[in-house]
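Dropping the structure in here first, questions after.
Think of it as A, B and C in the order they're written, each chain with its own count starting at 1.
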Amino acid sequence: MNALHPAARRAAVALRSYTLFALAWWALSAWVANPIQLPDPLRVARALATLFADGEIVEHASVSTARLLLSLVVATALAVPLGFLIGLSRRVEAYVDPLIELLRPISGIAWIPLALFIFGVGNTLPVFIMVYVAFFPLLLNTVAGVRGTDPKLLAAARTMGISRAATLRHVVVPSALPTVLVGLRLSFAGAWAAVVAAELIGAPSGLGFAIEWYRQLLMSPKVFAFIAVIGVVGFVCDALLRALQRRLTPWTEGQGS
Amino acid sequence: MDHVTPKLRLQGVSKSFLAPRAKAPTLAVADFNLDIHPGEFVCIVGPSGCGKSTVLNMVAGLDTPDAGAIELDGRQVQGPGAERGVMFQDYALMPWQTVAQNVGFGLLHGTPGQGMSPAQRQARVAEHLELVGLTAAANKYPHQLSGGMRQRVALARLLANGPDVLLMDEPLGALDAQTRLILQVELLRIWGETRPQAERRTALFITHDIEEAVFLGDRVVVMSSHPGRVRADIAIDLPRPRREALRADPRFGEFAEHIWSLIRDEARQAIGGLTPTTPQEETTA
Amino acid sequence: MSAAVTRSSNPEVAAGRVGPVPAARDRLAPWRALALPALLLVLWQLWALGLPADTRAPYPSKVASTLWALTASGDLPLALVQSLGRVMAGFACALVIGLLLGVPMGASAKLRDNLDPIIESFRPIAPMAVLPIAILWFGTGTPAAVFIVAYAAFFPLIVNTVHGVMNVPRRLLQAAHTMGVPRTRILLHVLLPASLPSVLLGARLGMGMAWTAIIAAELAVGAKSGGGTSGGIGQMMFVFYAYNVDLNAIVVCMGVVGLVALAIDRLFRAAERRLMPWKA
């Protein structure tokens, strides 16, 4: 095992852990002996295969992911410019920040009943909740990123006669970028959690809806299968974001939430 | 005093490291030999990366040599121990403890304080705080202190543990130049340079500052790098106690210049890309 | 040239200062802080005045009176106590498991490599996604809710604990070693205090997640069990949505959710300051 390349070794250890986990699961499900409460791994695997084959997983997953992407785009379009405004201007901050701090503790979930009244059950509700949830980490991190610009870098730019606009573009933005990307990852994590909650309660489609649907039908293997899909999609998206982080900000190393 | 067995003996010590993504291990220290006698203050200087800290780590027991032997009082060194107390460049103070608690840490939790009553421990802590002049700061936290004060706490802690040998790894390296000059004199006073050699504690001091080494040491060992080994062992027979005025003494300058001439070329290469100086460059400087 | 740059309308950026606001502006700060929220409240109230008298739409004055009514009747305090009780129970479970797993994982790379894949695989699975399973196992009552809360609080706790233990400066452990301190004492008197800041951060984040999770769980369970007996603020919100439709009450609940979240955050920060007097 130790002779392998470190990444391969870690993959092998991970594989072993998953296998042991599956075995423990199997043992537990045999002991509990209640296929509705705890279906064994094989059943879940078969349910996964079936759901894949008839396209249900792809259908629901793409609906949820589409909502996620839309929400992240909208949230970014709102949060990043506002974040820059707040970060650069103490005046704007003085007026806007209190409102932000008043709204932020009210979790997106708490908005669901009111939002259900306004939007009804459908596509808009999950997106609204997700935009709300994604908005705050992005905003806060953008502000932090802008504020965190090293004053010495700004001073250096000034001594080189660089204009304010150019300083903004070439010093502040790159300096803030790593923190903004961390905010994006946080926003994603929050939004992905929110989409399930929102779909569970107030949407006619998507992974959250599917889980609840099959639970009411007491078809546990499918419930577990969809939960696994939620995990996988979440994992893949986060990995993609981390890759984006490395691509856009190669000068940072080992930074992450 | 035993003239036959040195206090600390390193014989044929070698150490290799495998750097990440390197194909073969690099030899950091090769065939290092050094005898240190009781009560001596020995300084090791050398260019960056010559392995001086590696040597100290091995004496401290934080690292093991690949070959050779390290003996304290004739017995082989096995792992860290309070008889070989260490002072680090980054102080290594526990941030959540006050100055007094830090000084008493080894006494409370380690081997030095075994058999001591709380009152005895407290007295010892107070004594050493007084020694380094930090009695007034006893209840402060490290973050409230300046670098120089933190290093004095580290020194107090080291001495309170009553080690046989003091191992100091560039302890003044993180301080500004003025503080360094002041603490060099303080260090010698606290170490007890006015006492006869038999009553002093043996000290091994690593530094990259040549003048510091000459000022502090009875001997200066010059290391060469790649791999690290002893290049020269110079006895500094300047009078003790070492006073500030000594820095202007021509003999002081001669020692320093001689040592620098041994290190200079390697140091230039160590910082990357500079070629050794030619004889003309040296004389017209 | 330098005059033009330093006299820019944004003195902070031009001067390279991103520090605290100059003292001269501080007197007006509280007013500035209230300006936007107050303006929005006023606009909201004005908008509502233009609506028919029997409107269901919520507005500030009605929200305030509903808050009073709910508090006086004891409904709101009771629901709050129920929700908080579950949060604390769930958080306590997560704390115990998180520390028991997190400290060894932080100290041992081997353990980390083995357990981390499992934990990281579950992290993207939101607490709400696990709710249906919890209901399958425990029914729609408090045990399911506590389970979800524990699940939610677990991840920030363990991630931060592992991080904290991993990042204890090696130097401190070495220093203790060179003083002859035995291994168990190093664990107790060096490793744990050194990782305390991270553990407390994880606790604060975990508690925040726990609070969000309980509201969500109570809301969802209330929705699925037809306003069942789960109690708590979340369920109360659902009741006011589906049964005694009262949007003002919903807004009151939302406000309470926000206030409690804020209070939790402040409390934990105060605890952090108290427990770590050595922090700069």
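We adopt the following convention: a residue touches a chain if its C-beta (ideal position, glycine included) is under 8 Å from a C-beta of that chain, and two chains touch if they have at least 3 such contacts.
None of the values given here were measured: they were computed from a predicted structure.
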With subunit C removed from consideration, the chain sets that still hold together: A | B
Dominant interface by contact count, named by its two chains: A-C
Rounded Å distance, subunit B centre to subunit C centre (Cα mean): 49
Geometric centre distance via CA averages, subunit B-subunit A, whole Å: 51
Subunit A and subunit C: spacing of chain centres that average the CA atoms, whole Å: 17
Touch list for subunit A against partner subunit C, complex: 10, 13-14, 16-18, 21, 36-38, 88-90, 94-99, 102-107, 109-114, 116-117, 147-149, 151-152, 154-155, 158, 161, 163-164, 167-168, 172, 189, 192-194, 196-197, 200-201, 207-208, 211-212, 215-216, 220, 223-224, 227, 230-235, 237-238
Subunit C residues within the subunit B interface of the complex: 169, 171-172, 174-182, 185, 189-190, 193-194, 196, 276-280
Subunit C contact footprint on subunit B (complex, rising order): 60-62, 80-82, 84-86, 88, 90, 92, 94-97, 105-106, 109-112, 141-143, 161
Residues of subunit C defined as touching subunit A within the complex: 1-2, 5, 8, 10, 12-14, 16-18, 21, 25, 29, 32-37, 40, 58, 113-115, 117-118, 120-133, 135-137, 211-212, 215-216, 219-220, 223-224, 234, 237-238, 240-241, 247, 250-251, 253-255, 257-262, 265
